[in-house]
Amino acid sequence: MTTSPAIETSGLAIHFKTASGLVRAVDGIDLTVARGAFHGIVGESGCGKTTLARAIVGLQTATAGSVRILGRDRTTWQRDDRKEFARTVQFIFQDPLGSMSRRQTVGQTLEEPLQIHRLGSATERRKKVSELLDLVAIPSTVLDRLPRSLSGGQRQRVSIARALALNPQILVCDEPLSALDVSVRAQIVNLFARLQAQLGLTIVIVAHDLAIVREVCSAVTVMYLGKTAEEGVSKPLFADPAHPYTQALLSAVPSPDPRIEASRSRILLEGDPPSPLNPPTGCRFSTRCPVAVVQCRTAEPALRLVPHTGQAACHLADSGTHPVL
Amino acid sequence: MTTPVYAVENLIIDLYTPTVSVRAVDGASFEIHPGETLAIVGESGSGKTVMTLGPLGLLPEGVAIDMRGTARADGRDLVAMSQSELSAMRGGEFGVIFQDPMSALNPMLKIGPQLAEQARRHAGLSAADARKEAVSLLARTGIPDPADRYDRYPHELSGGMLQRAMIALALAAKPRVLIADEPTTALDATVQAQILALIRQIQKEDGIAVVLITHDIGAVSVLADRVIVLYAGQIAEEGSAIDVLTRPVHPYTKGLLASVPDFRSEISSGTREIPGLPPNQTKVEPGCRFAERCSIAQPSCLARRPTLLPVGDGSVLHRAACPVVLNAQGVAHQ
Amino acid sequence: MKLGRLPWAILSPAITFVLIGIFAPLLMTHDTAQQDYGALLQGPSASHWLGTDYLGRDMWSRIIGGARTSLVAMVFVLAAALVIGVVIGSLAGYIGGITEMALISVIDIMLALPSLVIALALMGVFSGENFTWMSDYWKMILALTLAWWANYARMSRAVVVSELQQPYIEAARVMGASHIWIFVRHILPHVLGLVVVYASADAGALVLAIATLSFLGLGVAPPVPEWGQMLVDGMSYIEEYPSLVIIPGLALTAVVVSFNLLGEAFALQKVPKAIRGSLLRRKKAERAAEDEARRRVEAGA
């Protein structure tokens, strides 16, 4: 089945039992990531974006719903052939240092996936490791160093190289940029873009830096409190966001140009995002939404077609119009 | 011009641990005047926090610090002060807010009494007045229902509210300088915007000086009047926010700004990157520290440390430490 | 934990003990069991460096032989206790749930009682008729092992639980690693790293326990040279020939102290040290020299 999307979740829900109650981290997400897409998932902390990403690779068990990878059910695939699944989907962690054993050198770290999958002889594996280093543009002099002696950018490059060791088709990245400095962030973003083009990867990237998502992602999903608020093709969506939350989120990002900053009016939302322990009824954004009407507090909006040709979950938006804050 | 509330000249700070010696600040000077917001911009390890908080005695323990140069606050020499004098002076003159609110707030004590205590100690208020002051500080920093929040413990507040409570705490002693060290880094975009707006409002109302230490160009663009760009412990460029952010001169400033995409501009700039990595600053070396990553570097760049010189765009404040660019622009200098 | 930074002064007493134990046959001048009724209770001489005991046996050779006996018994007990402790602790930590709760309860009960008391109780049990097939020596080894493993199990479990929470374990899982791979490649080295270090510091207490059991007549049987046994034998002559008690007593004290020093040094290594004194002065001087060199280069430019 070559037509099935790279990733497809339907009705995916992930709830955690905690001492203070049931946390609905992800609460019914239908996500479709096309093959070859560079898909961004954005939202604020607590919106469930990281949990969603982890569920795609099976680091989190679904409470309800399903995840299909290349048309195959994630759960059964991973149960039947854990290794084949690992060779198809790989994951990049937010903290590259934590995701590597502090006892292993860079060389050992990069060789480990090849050893787990019994790929090649020792010589072939060493050759593959040096190819991986070339791919992510780090000098082979780092091979014998421990991860903690590398800079933040180099660590993230090593962790990307490790994920690519098994030649996966899909790469899921959880906030791969947030631990990095601004100028290094650009290096890593460009690396992702290059790898995607070079290797034909499907990349899902969880991020909170909206400008970078617009810059590199072909598609984007905006999450709010465990739900999809809006999704679509990234450039048109960012140009004409339909959901009031997306509008506020974009407005909150300051421009690096102080002249624009001085002239533009900013939408300031009241308060913090509500807790996923106790999400509001109706539209989850209704408690902070400046244009909410009675219906928003009682009925939960479904995703519907909006002007930028994507979808938004807002009662006030439809294919012809959307609210403007 | 007014006398600066905080001024540092030719500051050199070496940090020593058993394994490494780091030249964190290498001959930097800056001053801040009442009523202005100065942003100190740099990447991690550039020395921005050490440069600002070091002279105030606010560096992490466990490292040996060797400080040279002059640092004055309100006309008094900070380098010569003992830790106890520093801490007495700091409490009244400087309010500091950090990335993590829990580094400033005591988790075992209720929010309100912590504020009241600070107000009593530094503003000399009576217990009753201090309580009133604490409630009004909570209200001022935008905490809803301040009388109720007065009796809450820090863990009962959300992240954004804690950030506000920490700002209230920093303001309780009526400081003349508010230093904000990465105040928004850990916050979500919508909360970030709220906190930046709050800092700006306080600055306008009280006319205090604000020093914003950050790597977030967006926050600089929202708040700052003046900007200092720090690279490897040395100042690369300084000037008004508009000059530095829209007409950068130093190749590092240009590179840094180019690596920050702006999604409001219609044309996709493409995220450009600065090749290479910042130096680790464990050695003191001659020449421009950026030279090894710089696309326009010349042999002379490695021989001599560049000095900050006026860019010559009509603004006396706009200065850059790059003789290559300045020469090309025909700016006379010796 | 790095051994490399430990001063040799702290390591060397313990190493000396181990070396004496290993090379004991070369160091002994006499057969330890050889009795010489012509030379009873003699003082030090050229042929008997530390004199002889009440049966005319050479004290020097018996002390050296005693070191070997202690070392061998200690290695048996430590190795067995380590294996049992690591296996049980790791299982508890890795499996979790009810298994973990049950194993922790057992470990806690063991740790609530002093190891020596447990060992004595077990020796009591082993003296029963069902255990006559075992020699007293192996009974002692078994009793001490069963009394000693719980601490290692507790530590192993703690390390396993804390390592399992590290993101790099998830990373290995994402790479398709099996539980066995994750345990052997990533968790076990951390467990062993801590437990072996602790065991080396614990060795002193074990040597003392072996001597204690022998002193009480429960462990090593004569004529095998053993320090605890030598103490008992010497007790009868303590008035006239105190050296018979003092010599094995000193040997025992030296070993216990040297291993405790080792443990102390390991514990202190974890405390980060601030830089000061001559090292700081040297670093500042290096820095000043760099500054001077820079001034010269820039003046020349």
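To keep things simple, chains are lettered A, B and C as they appear, and every chain counts its residues starting from 1.
The working rule: a contact is a pair of C-beta atoms (placed from the backbone, for glycine too) under 8 Å apart; a residue touches a chain by one contact, two chains touch by 3 or more.
If you're wondering where the values come from, they're calculated on a predicted model, not measured in any experiment.
Pairwise, the chains sharing the most contacting C-beta pairs are A-B.
Relative to the C-alpha centre of subunit B, the farthest chain centre belongs to C. Inter-chain centre distance (subunit A to subunit B, centres taken as mean C-alpha positions): 31 Å. Between the Cα centres of subunit B and subunit C there is a gap of 53 Å.
In subunit A, no position touches at least two other chains. Taken together, the subunit B residues at the contact with subunit C in this complex read 14, 16-18, 21, 23, 61-64, 66, 283-286, 300, 303-305.
Residues 272-276, 279-280, 283-284, 286-287, 290-291, 293-294, 297-298, 300-301 of subunit C are the ones touching subunit B in the complex. Residue ranges of subunit B in contact with subunit A, taken from their complex: 43-44, 144, 158-161, 188-194, 196-197, 215-222, 224, 241-242, 245-246, 255-265, 268, 270-275, 277.
The touching residues of subunit C, counted against subunit A in their complex, run 166-168, 170-178, 181, 185-186, 189-190.
On subunit A, the positions that touch subunit C within their shared complex are 57, 59, 82-83, 85-87, 90-91, 93, 95, 98-103, 112-113, 116-117, 159, 162, 166.
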